[in-house]
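As written, the chain order gives the labels A, B, C, D, E and F, with residue 1 at the start of each chain.
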């Protein structure tokens, strides 16, 4: 086993060298320039049984998000807000390297970073999702399934969640005799803004947006920044084991704002 | 390890060949004919702390079922029915091959198939086990422990469950001031019918009832059919990796009905 | 691996032989006599967010206990008593041999034996920790973290728990309109006695108090006895795989009472 | 949830609640090769079921001691997405999912020539994006096509379809409502060329006569499904040629 | 559940709630060789305790790195059936079961010559079908007999019995009610020939004098249990001879 | 719990709720070498945070197949004691703890020369005894010192500190209350000599201008923390010499 691992190390080094050479000529292996996203498709309303749903294809990465709305108790310390619960599973369909089982640290980070963008931007006005203050609130589940994985799961998942929420129809619940009643009617969810994440990786000195799996395999570090409709930054996450210089981060914050606005328009159009 | 596994393969093939030769002479290794069950004993009321209990010995297979009756909330979607919860554990006592731990897929299939026979036959009239409709119902736990395993766990477990339920004394609960009160009195459970499962395996062209472990090790496919007192079929489960022909299944359905009636009488007698 | 394991066996045998020789000269490797405890420090109130806390150093063994007081439902069968819940985790910081994860059987035994001393002595008068009989009671969590492990975790943990409880300030809860209200005031906990555990190991014919890790590695058997302030024995646990003679146990019970009184005074002083 | 009395599972003209006749399948759509990274894959819409299946393998087994010297190990995972059901499903595998994974695997295995891949493993991952009645049959249909797409050596395709009973009628392809309110549901999987049954389950009540009628009907349904499976595979592998012929 | 005030744990004549005297054991019945597949087994009824023990081994250890080069690994699992207790027990192992498994293993180990089986493992599976006070002692008694039945080399049998305190009386063999309402419960396991204590636990309050009285009483109980264990083994292994002698 | 209206997160004089100025760190105390058995360790008090870190390694990896041929594996576990928070924390690791363990590991890794220890593992165990705002930064600071104490080859120390926004003010080192009631919290870890950012997260709202101001301020905080880390290490390793010098 040891010899096969050592040869893997050599292969990895060769691959990275090749990647660095290509990047030094300002070229990505798939021909994109550094600040381009891959082809991008969104389909909404694909799961009739969900209150909202969306499938996003970002290159070969494919993610489905589904929104379910129920009622329940509020979270401790957030007694007068609806409850938002987000999860993500990288399905074993997504690549030969995924084992079925409970989410690993990558999947947990993924769902928590996407969650942070939604929550900190207050995209969903949770104050409006209370039935009996302190006792019964709307519980909004947003679950994401990564079907195929070819890099940048974070942005793909984030866009799927945003699109699914934007196009949701929430059931209208009422309280009768202290009991929850589903009126059978629906309402649009209380949306206030549209958070959009932009992710880049650093490979050597180059910073590339929307990395593929191949690029992620060579990355030194990753950074994700989420902006809301007014351009304000609402969430940031540096990932992976390499560092960034201060200037790289500040430059990226400008790019994330501009590119975020671009993606925001595209997603609005697609809906 | 590889060589020992390969030799295991050869041993398995020899064993199967031997079995096929015996069966071609219409003989089973323990001398039974194809449609005979092994010796069969039932003892009921063996666990005083349970509302009902039974120990079944089917050849060397030995199973205990215990019934516990408590109160609780009804299941979602079944608000006006008592709750029936069945589990089976193949104890590590049962064979050298059982690891202690949560039930594996075989044990889960076992309990679900037995459950299906009870549930679909409506043996227990769950409509009569409601205390406050939609809120508080009788919860009937039926737990099975396989003590020794020598094939056909499914029928042995199924008979143990039927015998334990038939001979149960359910506590009588009442509602006083919206609280559950145990009256200390008991009642017979609301029994409507007596579901009996019959299991066969196919080895080559032969279809044998009530297989031993030795026979199961050679089987191509398994089938279990449960009939209720009026002869109607209420549950079927094909198991293992081999197929059946249409005719084999239809012939077996006739056998299962007749043999089921025979076993039903025996169990009635034993009680 | 097999050869390295065999050499480990030889090393172990040599170490034990060395230990036995030393003990035959009535000497412990760290110079103590058989009935001496190591140096002993207690610091209380180290966790402001806890209702009570203590750090105990017993030689190089270091344990922190924290007390949290909340409200909740009483335990089944103990409807008119406050709920006491104890846990212990041997942190992976504690030694190179601890794996992070749920408590193993040693940690479970540890917390259960410490719990038994507190519970059986009725140190905490749980009858006084009831808010609405049968419905709402004080829930007292006592959680212990073993930071560094150098033998006799049991006594160190037990002393930490006793010191943390003794110096706790419990929040005063009141019931208003059937709701629990935290008055913001605190009270001393209802303490009735002070259980002190004394632990010995037998190595060959020698019985040593307060063993180090080195001594535990050579032990044949372990015994722990907990006495309360009036000298009565409230809990005993023999541990490990070797036996004791009747006389050894009876002699130890006398030592545990006397030594327990000594340690009790020390802990009282330290507080 | 439903009031049985107000429901007509079948009207006086033999039309079922969703407008189908007694022997009519729900609409079925199969697409092959939908998961880029997988060795084989398929997507099926079967009534309101929406299921994606990916096949990985034959590949090395981990841990190695699970490998078999004389044949390939087949593994199958049937899993429901949290948003696939009416009330949100907990993503942890339920006992039901464990059982269905097992019977699906057993229903697929007879179709595969596993002795061609000793010491290897084939993984079949079945993800139910939306669940309707008959999701296990729909999943088997997609899985068999995905296995073919992965180029695994096969004896036959596996085609699956349920039949069941609504009062006195034996009907084909039970939907969700009929599963809950009807009288029997019998999912069947079948090797259409070898004429063998590889999945057979039954919930509900049937006389022995109804039982064989029901089984027969389910098998006829499997045969219809088989045509759709073949078409889907043809479309992927000979799609261009077919279009050329049509043009010619 | 119980109202202490109305209970007489012991009446004026020294009779206990179940009619026993202070030094009286509950009725004990041991049957050897009850689990066909096991290498050794025993069934014990000890008061209302009903416990089955199966022993597998000495056998190969899996995973192999757990094997010890100089002796056999002993493993023990104490487990309660869901129907064994007054309210249904969750089948997942509780912390109590983990602790009891550990002390049972430690109480059995001194009786076994584990160095005779290097690199192997012996598994002792203790299943409590019905639980009464003293189930760990009852389990140890059956386990030791099952180990003998499995032909494991032993230094001695292990015999176990509890003693305890009801007000001012030290009594033998605490039952369920006495465990819950009494003042102390001390389970003890003992090697009757080697005269060594291999299990000792105490819940409750005792003076040091009561402690040694209680320990002494428990040991005397162990000795009585030992006779019953021997008899059960004799019955299995020399049953026919014994009957022949009786006939002769 | 808190009534925002009644709280003055910052008063008219620019003083924060705990009396600090906008650019002021909470009090920080680091002690090196506090866990006897560990290869390296440190204890930090950072505001009300009380955190202990132990480092074990470089040592052999188990299971062996996790070893890397060209470098050392770094593992990190961030864990909160049950008594560390306002309401008792369940001891099982939460999703939050899993994420923080990951970003802590990633923030420490660039400081270590892992290629010096091929096939080995280094374990960093971070135990939060009491949690205040900024526990991940405090944990990183202690962990880096503990790694140095363990003698691991390093490129630089890692120093961590958060900055954040309270209304219009960008302030240094957010405490618990400010985290909950403030407008943004940005934890940062920094290699002070290599001038590289190894941890960067943000919860809350910032304009891009505020973002770079906030990052700059956090980095300045990291530099102040760095001095305290160096001092703590000096004190352990040259403590006597320093004292001698002071005496001299």
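The criterion applied here is as follows: contacts are C-beta pairs under 8 Å (C-beta built on N, C-alpha and C of every residue); 3 or more make two chains touch, one makes a residue touch a chain.
These figures come from a predicted structure and were not determined experimentally.
K.L.:
Which neighbours do subunit C and subunit F have in common?
P.N.:
Looking at subunit F and subunit C together, no chain touches each of them.
K.L.:
Count how many hops through touching chains it takes, at the least, to reach subunit E starting from subunit B.
P.N.:
1
K.L.:
By how many degrees does subunit E turn when fitted onto subunit F using C-alpha atoms, rounded in steps of 5?
P.N.:
120
K.L.:
Any idea how many Å lie between the Cα centroids of subunit B and subunit D?
P.N.:
27
K.L.:
Report the inter-chain centroid distance for subunit B and subunit C in whole angstrom, where each centroid is the mean of the CA atoms.
P.N.:
47
K.L.:
List the centre-to-centre spacing of subunit A and subunit E in whole Å, with centres computed as mean CA coordinates.
P.N.:
58
K.L.:
Can you list every residue of subunit F that touches 2 or more other chains, as numbers and ranges?
P.N.:
87
K.L.:
Take each protein chain as a node, join two nodes whenever their chains touch, and name the resulting shape: line, ring, star, complete or other.
P.N.:
Here the contact pattern is a ring, one closed loop where every chain has two partners.
K.L.:
Applying the stated contact rule, could you write out the chains in ring order, opening with subunit A and then subunit D?
P.N.:
A, D, B, E, C, F
K.L.:
What does subunit F use to touch subunit A in their complex?
P.N.:
Contact set of subunit F toward subunit A: 1, 65, 68-70, 87, 95-96, 98-99, 101-103, 105-106, 109-110, 186, 191, 194-208, 211-212, 215-216, 219.
K.L.:
Inside the complex, what are the residues of subunit B that reach subunit E?
P.N.:
For this pair, the touching residues of subunit B are 46-50, 53, 60, 62, 64, 66-68, 70, 87, 89, 91-96, 100, 102, 141, 143, 145, 147-150.
K.L.:
How about subunit A: which of its residues touch subunit F in the complex?
P.N.:
On the subunit A side, the touching residues are 1-2, 5-6, 9, 76-77, 105-106, 108-109, 111-112, 116, 120-121, 223, 228, 231-246, 249-250, 253-254, 257.
K.L.:
Across the complex, what residues on subunit E touch subunit B?
P.N.:
So the residues of subunit E touching subunit B come out as 35-38, 41, 48, 50, 52-54, 56, 59, 77, 79, 81-88, 91-92, 123, 125, 127, 129-131.
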